[in-house]
C-alpha cells in the first residue's frame, strides 16, 4: 500500500483524510517525527484497505472522466484540424465554433439502433467493443500525468503498458470474426497480422529507453530524463512512433479499417454505441499513445516554468497534432507492405538501436552502484552518435530493403488472350 | 480468351490451384466477396464479384448496369437539340466533352460547320472540362490510395474554379448543355475572360503543389509502381484509349492524329508513360492538365470576335444517313454514332463510352494482385458509372 | 531514402493549413452567383406570352403544360390567347434552358433562385398564379443585352419587361448592331 | 490526320483475300456478308498494308427489316480508318461471328449489343447480358420494343 502511495500526490490526500493513523504517519502527517502523535483519520486502524479502495476508486473515476472529456475534445480537435489541413472549415454548427460537436455525436450514437447481424456471434460481437475500450483505459493506470500525479507507479509499468495495449489485437479480431461479414473478416485477419507484427519493433525500441533509465517504472523513466530521450534515442523514437501509429491503426497504417478497401474493416457491422466504443477507443488511443510517447521520450511532465500537468498536456497535444498532420497527408500502406516494413525495416533497426545503445552505455557510462551514470558531455556525445546512426541506418536500409512484393504469377491461360499487333 | 472460369466440378480451391499454380498454397478456401454496389470506392454503383485467396485476387467479374437509364433509347424520341441534355448526364463529370462529341456527330450528319469563334469556345470549354475531369480522377485515385480526402479536397478546390467559369459560360455547373448543333449557345460574357486568365495564371502552381504533395511519396510509389501493368499491345487490342493507353507508352491522341475543331492550330505535347502501371496512369493525368492549360492559353490568344452559332433551323432535320464522330475525351476516345432517317429525332444514337470499354482490361490487370491494388487500379482506369451504364 | 517524399508532402499540407478555407458556410455565406445562372424558379412576362406553347414543345421532358382560350383582340396585334394553365413541374425539370431558347417572344426566362425545396412533390409545380406573382429575376442566360447592361438578378431584382425584349439583331449574323445602352463588344475580350 | 478509306478502295483491297465477302459499298462504308465478318476482320487486322489494330466501336442499328452491325476500325500505324457494316436479316435469332478473338475490346461491346439489341455473336466466350439482368424479357433497343415489362 505504501509503495503505491509514495510520491503520489493525487491519492495521498484523500487516503490520509480517511485512514491517517500511527501506522502510516510517515506518509500522512506532515512534519511527523517518531514519538509524536500522528494525525487521526476518519476510519479506525485496520480499515486502511477500505480507505485505499475508496481512494483508488475516486482517483480512477476522476482520471477516467477527465480523460473522457479530453478525448471528446480531441475528436472535435481532430476533425477541426483535418478540416483546416483540407482547406475547409470543419464542424462549426453545434455550439460556439462547433465545440459541442462531440456531444452531438454522442447523443446521435446513443439514440441509434444497435444492430446485431443475423450471422454474428452475439457474445463475441457484444464483447469486442468493451474489450477494446477497457484495454485502452487500462493504460491510464500507469501513466504519470504530472509531478506526483498518477494512479499507480508499479515497478513493471512499461511491461504492463505493452501487455495491455497488445490486448486490443484480440478485441479487433473478435469484432472482425464475430461480425460474420467478409469485410470485417478481412479487417480482423489484417489486425492479427499487423498488430502483432508491430508489437515486436515497438518493444525493441523501448529497450533502449530501459537501458538508459534502468527502470521499468514510468515515473522513474520520467525522472531519469535529464535530457529528453528523444535526443538520446532518435531511432527508438522513430520506431516507436511508427509502431504506435500502426498499433492504433492510424494512417498511414490504417489497413484494419481501410475505408477505400474494406469499407470499415472490423467494425463494418457495428452501429450505435457499440460503434461509438470503437470510435472512442480509437480516438482516445491517440491521446494515451501520445502520453506514453511523451513519457518515454519527451521528458514526461517535466518542463520549466509551467505546471507539470500543463507541460504534459502540451506535449500530448503536440504529438496528437503530428498524428493528425500525418493522417491528413499520407496515403495508406498496403497490408503486405505494412508487414514488410515491420519485419524487414523496423525490426533490424530496432536491434541495431539496442546494440548501439548498449555499446554506448558500456563505453560512455561510469559505473555507479548497480547501474551507470553519464556525464553531461557523455550524454551530448551519445546524442550526436545516435542522430548520425539514425540518419545513416535509415538511409542505408532504404536502399537495401525493398517493400514491393510482386503479384502472384498468373498463367496466360487464366487471362485474356492478346494477339500481338 | 477466357472470361469466367468455365464449368468445373472440382472444389473451388482445387480449381484455382490448377489455374494458378501459386495460389491456394495453404489449406484454405477461396472467398468470394461482392465489392460494391455499395462500396466507398467503386466510383458509383458498380459491383465487382471478386474471388480471393486471402488478400490475393484470383478472379474478378465486373457487374454493372445499376445506373442504366436507357439514354440510347430515350434519344430516339427526342429532337437533336433535346438530346444534348441527355449527353450531359452520360459522363456527368465531363459534360462539356460529351456535348462536344455529340454536336460534332450531329454537325457531321447535318453538314453544318460552326463559326470559328464557336470552335474556339468549344475547345476552351472542353479543355477546361478535361482539367476538371482529371482533377476528379486524380483526387479520387488518391482517395482510393487512402490519402484521407486531403488531395481530393485540393482537387475539388480547383475544380470549383472551373465550375465557376462554366457558370459564367452557360449558367450551370454540372449539367451544362452549353453547345448546340452548329456552334455554342451563347458567347462568353465579358467577365469570363479575366476570370479565365486568372485561373490560367494560378493553376500551374496548384499542379506543382499536387506533385509536391504525393508524386514523390514513398508510400504511393511503392504501392503503384509496377502494379497492374498494361502493355501497349494489350491496350490496343482491348480498344483501350485515352490516358490509359498513353500511360502505357503509346502516343495516341485524337487531338493530334485526327485533329478536330481547332486543335490543328494549337501546339501541345502528348505526355506518355513508360511502364503502363498505376503510377504512370496517375502521373499522366497531372501532365495532361498542364498541356490542357497550354491549349487554353493559345486559344485565348487566337480567338477572334465573331458569331458563335451557324444558321440552322430550330428543328434540325439532317438528311438520312449515318455519322460517327469522335473526340479525345478525358477518359478516352468518346464517339457518337448517329443514324438519321430524315426526321427530327435521331433514328439511332449510340455512344462509344471510353470508360465502359476501358473496363474490359480490368480483370486482366488485377488478377494476382491484392485487394488494395484492385481498388487503385479501378481508380486509375477512371470510370464514370453514368457513362459505363448509360 | 525513405521519408523525403513524405516530408515534401507534409510541407504542402502544412502550407494549406494556414490558407483560408475555400468552403463557405452556406446559409449565412453565399457564393457569388453569375447573372447567367440558370435557377430553379421561372420568370414569366405574361404580357409577352401568346400561349404558343413553343416552350412546352421544346422541353425534353414535357413538363410544361399550357391551356389557353381565345382572349381579347387588340387593333395593333390582332387576336391573342389568354393563359388558363401554365404549369411547370420543376420536380422533373433539369434546368437545361431549352424552353427559354424556344420562346419566340422572350416571355419565359430561367430564374436566379435555387432554394425551392418543398416537402411535397405537388408543391413543386409552378402554377400560373405563382408565375404571375413571382418576383421577376430573370437569368441572363439567353439575354445578351441584359449582360451588356451589367444586370445582376440577385442585386437588381425586378426588371420592367420592356427591357427584357428580344434584342434587335438576329444573333447569328456576324455584324452585330449596337444595342441600346450596350457596351461595345470586343473591349477587353480576345 | 486519319484518312478514312472509302468503301470502294477497301473492297478492292480485301478482294483477293476474301473473294465474295463484299456485299456492296457506298461512300466510306463497306457492307460485307454477315457470315464472312470474322474472316474479313482477320484480314483487315493481319494484312500489313491495312493493319487495323484498333477496334473503335461496334454499333448495332435496328432497321426493322434487318439489323446492321457497324464496325469502326482504325489503324494506328497507317493512320487510316474504315467503316465495316454487316446486315443481318431475321428478328428471331440474328447471328454474327464474334470478333473477340481478334480484338479483346469487342468483348463488352458485343455483350452490350446482345443485351440491348438481341444480335447474337457466335464464338463469344461469355455472351451474357451486361447492362440488364439475366432473365430480362426482350431486347429494349429494338424498334419494336415498346414498353418495359411490369
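Which chain is which? They are A, B, C and D, in the order written, and residues in each are numbered from 1.
As a working rule, a contact is a pair of C-beta atoms (placed from the backbone, for glycine too) under 8 Å apart; a residue touches a chain by one contact, two chains touch by 3 or more.
Just so it is clear, the model here is predicted, and its values are computed rather than measured.
Q: Measuring between Cα centroids, which chain is at the maximum distance from chain A?
A: Chain D.
Q: Tell me which has more C-beta contacts between its two chains, A-C or B-C.
A: So, comparing the two chain pairs, more contacts are at B-C.
Q: What chain is most central when centres are computed from CA atoms?
A: Ranked by how close its C-alpha centre lies to the overall one, first comes B.
Q: Please tell me the distance, in whole Å, between the geometric centres of chain A and chain D computed from their C-alpha atoms.
A: Spacing between the chain centres: roughly 64 Å.
Q: Could you state the distance in Å from the CA-based centre of chain A to that of chain C?
A: Taking the average C-alpha coordinate of chain A and of chain C, the gap between them is 58 Å.
Q: Please report how many Å separate the Cα centroid of chain B from that of chain C, as a whole number.
A: Using C-alpha averages as centres, the distance is 30 Å.
Q: Report the inter-chain centroid distance for chain B and chain D in whole angstrom, where each centroid is the mean of the CA atoms.
A: From the centre of chain B to the centre of chain D is 24 Å.
Q: Residues touching two or more other chains, restricted to chain D: which are they?
A: 53, 101, 104, 107
Q: Identify all positions of chain A at which a residue touches two or more other chains, and write them in rising order.
A: 85-88, 328-330, 416-419, 421
Q: Please set out, as single numbers or ranges, the residues of chain B touching at least two other chains.
A: 1-3, 150, 154, 157, 213-214, 217, 219-220, 234, 236-238, 361
Q: In their shared complex, at which residues does chain C touch chain A?
A: 1-3, 6, 9-10, 12-14, 16-17, 19-23, 25
Q: Taking the touch rule as given, give the residues of chain D at its contact with chain B in the complex, in rising order.
A: By the definition above, chain D touches chain B via 1-2, 29, 53-57, 59, 61-62, 70, 72, 76, 79, 83, 100-101, 103-109, 112, 116, 125-126, 129-133, 140-141.
Q: Spell out the residues on chain B that touch chain C in their complex, using ranges where they run on.
A: Of all residues in chain B, those touching chain C are 78-79, 81-82, 84-86, 88, 115, 150, 154, 157, 160, 164, 167-172, 175, 177, 185-191, 193-194, 209, 212-221, 300-307, 309-311, 314.
Q: Flag every residue of chain A that touches chain B in the complex, lowest number first.
A: Contact set of chain A toward chain B: 82, 85-88, 182-183, 185-186, 189, 251-252, 254-255, 258-263, 327-337, 403-404, 406-411, 413-421.
Q: In the complex of these two chains, what residues of chain C are touching chain B?
A: 2-6, 8-9, 11-13, 15-16, 22, 31, 33-34, 36-38, 58, 60, 94-98, 101-102, 110, 139-142, 144, 147, 171-174, 183, 185-190
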